[in-house]
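If you scroll down you'll find the structure; I have some questions about it.
Going in written order, the chains are labelled A, B, C and D, and every chain counts its residues from 1.
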Amino acid sequence: MIPLSWYLYFSAALFGIGLFGALSRRNAVAILLGIELMLNAVNVNLVAFWRYGDITMMAGQVFAIIVFAVAAAEVSVGLALVISVYRRRNTVIADELDMLKW
Amino acid sequence: MNFWNDPLKVAAEWLEGIFTGWGLDAVFAHVLVVFLGVLLLITVLMVLDIFLVWIERKIVARFQDRIGPNRVGPYGLIQPFADIIKLIIKEDTTPDGADKVVYNLAPILSMMSVLILWAIVPIAPVMLGVDLNVGVLFMIAAGAIGTLSIIMAGWSSNNKFALIGGFRQVAMMVAFEIPMLTMLLIPTIFAGSMNMNAIIQGQGSLWYFVLSPLGALIFLIAIIAELGRAPFDLAEGESELVAGFNTEYSGMKFGMFYAGELLHAMTFGGIWGILFFGGYRFFGLEQVSPFLAIAIFLFKALVGYWVIMWVKYTMMRIRIDQMLTFNWMFLTPLSFVLLMVTAFMNALLAGTPTWVYGIGMFLSNVVVGWIAMELVRSYSRREREKIEGPKKVAEAHH
Amino acid sequence: MTPEQIIFLIVAGATLVSGLMVVSTRNLVHAALWLVATLFGVAAMYAILNAGFIAVVQVVVYVGAIAILFIFAVMLTRRDMRDSGPQHNKNWWAGAFVSVLTFGGLVALFQSWAGFSKTAAVIPSGFDAVGLLGSQLTSPEAYVLPFEVASVLLLAAMVGAVYVAFTRK
Amino acid sequence: MNEWIYVALFMIVGAIIPIGAIAAGFIFGPKKPNPIKQSTYECGIEPVGDVWVQFKAQYYIFALVFLVFDVEAVFLFPWAVKLGQLGMYAVVEGIIFISILIVGLVYTWRKGMLEWS
């Protein structure tokens, strides 16, 4: 049997990779890719806790599905923002989008 | 006699006995036997696929008042083998600037997305790849891999026709996947399960086609669009986009796309038969022998395939704007309304005898369909008046 | 090592490697395709966890829709698909540091927790996760509010995305 | 044992067969590349410009609406499985759920985003 710890290590590693992508990428679309990885890491945890707890309590799976909805909403609005910015400013590099600084 | 009733189980136990006799681990032997079974099933499917080429060519010839292949072998039966040899010994070109890995991966994924569908298709009461309790959704997941393979093929070819064709195809597939998903919910509601076998068992007294004829029709339209066949073959509008996403493919890689499409059509014919026409069930005949059940299932699958071909060779291609309008403004809202009505009627008629339930469901479908057709009629009348002016229409009433 | 553990390690390794490719590839379409591989690995993870419904949903939603959305967005935001210039900003080492710190912190946190090396209970035969999910999602005592709120959330996302992306200049 | 192992077997075999077929084509086919043969096909005319043309932003809208309804279907499948045993209140919940999303579809439609322009 696989102990719960393995899943937790796996999801922590995936979360770290996603965090690195979100923090270090220059392209706004790539930042969103990193955020997707982080959301997935969270989902692995939720489902693992469902499996290793009382399996008749569906909270873990319900939350996982809610996270799917959140991820869908986040991606659709995020990419729409990127496309909108691209149409106005002709760039998707996050560092160059600094008009709010002034 | 035992073999006659459950051939797969008998064969599997026999093989497992042999393998464990060799000193293999019991679990490993079991997985190995299943692996061989899967290999057998998929090999049979590929052979069937070869003959689908012949069937398709013969039937299209009849539709177009021709004879079709008739030179190689009796009735041209050897023709598909000649085609395969030709495809194998053709040069396999890769265009300059293509993304090699993605380019080669796309046809493999395309074929795989079709083959894994057979994991959930019950071909006889005792013959089923995997008895998943999420069978219906699994089908959509397999379709997702197919969609991905098309976008990969279009993107990696480094060809404008391929890219635009791939994009159009994907836009269309995702658009028609919404009515398809919605119509998959209807058999799920009736059967109370997403398991394919449970859906077939639920059609013991009434086919779901009787309970939801409109649903079956919308599902048929959606699967034809998902297949990208005429009248929805606009990704391959020969006059504008050459061959769509597979423009740059040649040899066996093209062969994979082509064979995948044919097998996909036949598979969807079978799934249509399972969801709405009772799958391998036919008035108890399936109980006689699994072989008879397979024959019934194959017959239904081929009838479904024939309907898909019938549509393909009768209709002309529609433009992309017409296709999108048709989907977003007619099919999608209609499928949602149908789903809501079905759910409502299902709760309302719960506990009534089967015939009341059947008649109620059938009538609700007819009413929804009739209202939809009236709306379309008034819409097209308004469109016509916009072009011709109201006068002409008024004259037509005299 | 049981076969199950070996399968887990293979899947986890492949998933993490594709995850690393997502954050390091220069070509954004490749990054999106690596994301598909990662998400597929996560789906396999759910399957190992006996959460078949979530696994299939993962493939349907992520591979079928979100990956397509990403690829479309990449196509729409690059007039010429150059991948020149650095793909990571000049503070990437700080990002790497924070990520490693997060990972280390999480692991340290786990290890002080008692339930860390728990093993799973055997799933009783006839356990219908999807049915249970259905009744809990619609039950007023359980999750009917999140169920309806998710619908509102999706509506807001759709309206917002359409408005943001396509208001004329 | 987990039934998904069999699904994995199907995926492995489903990948082996096309790889084998393509490998056969690779082994038996001739390989005589030349620059003209390898060039991108544009109906015999020399390729013009870059392949990565700018796309219509509308493709994004189609994928977006699809994503939203895909997630919606995910919520509805468990609902549909249990519908027969739950009675009228679950039906009403589902109808509310679908109606809210239809509002989004109607909004997108009224904005003219679903028409091919």
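Quick notes on this structure:
One rule holds for everything that comes next: a residue touches a chain if its C-beta (ideal position, glycine included) is under 8 Å from a C-beta of that chain, and two chains touch if they have at least 3 such contacts.
Worth saying up front: this structure is predicted, and the values here are computed from it rather than measured.
Between A-D and A-C, more contacting C-beta pairs join the chains of A-C. Chain nearest the geometric middle of the protein is D, using mean C-alpha positions. One inter-chain figure worth recording: chain A and chain D are separated by 21 Å, centre to centre, where each centre is the mean of the chain's CA atoms. Note on chain placement: the centre of chain A and the centre of chain C lie 6 Å apart, centres being C-alpha means.
Mean C-alpha positions place chain A and chain B at a centre distance of 33 Å. Inter-chain spacing, taken between the CA centroids of chain C and chain D, is 18 Å. In chain D, the residues touching two or more other chains are 3-4, 7, 52, 55, 57, 59-60, 63-68, 70-71, 73-75, 77, 80-83, 85, 90, 94, 105. Residue positions 65, 68-69, 72, 75-76, 79-80, 83, 87 of chain A are each in touch with at least two other chains. Shared contact sites, meaning residues of chain C that touch two or more other chains, fall at 4, 48, 50, 52-53, 57, 60-61, 64-66, 68-69, 72-73, 75-76, 78, 129-130, 133, 137, 150, 154, 157-158, 161-162, 165. Going by the touch rule set out above, the chain pairs that meet are A-C, A-D, B-C, B-D, C-D. Partner chain D is touched in their complex by these residues of chain C: 4, 44, 47-48, 50, 52-53, 55, 57, 60-61, 64-66, 68-69, 72-73, 75-76, 78-81, 130-131, 133-135, 137-138, 140, 144, 147-148, 150-152, 154-155, 157-159, 161-163, 165-166.
Chain D meets chain A in the complex at residues 57, 60, 64, 67-68, 70-71, 74-75. Those residues of chain B whose C-beta lies close enough to touch chain C in the complex are 27, 102, 132-134, 137-138, 140-141, 143-145, 147-148, 151-152, 155, 167, 170, 174, 177, 194. Every residue of chain A that touches chain D in the complex is listed here, in rising order: 65, 68-69, 72, 75-76, 79-80, 83, 87.
Of all the residues in chain D, the ones that touch chain C in their complex are 2-4, 7-8, 50, 52, 54-55, 57, 59-61, 63-68, 70-75, 77-83, 85-86, 89-90, 93-94, 96-97, 100-101, 103-105, 107-108, 111, 113.
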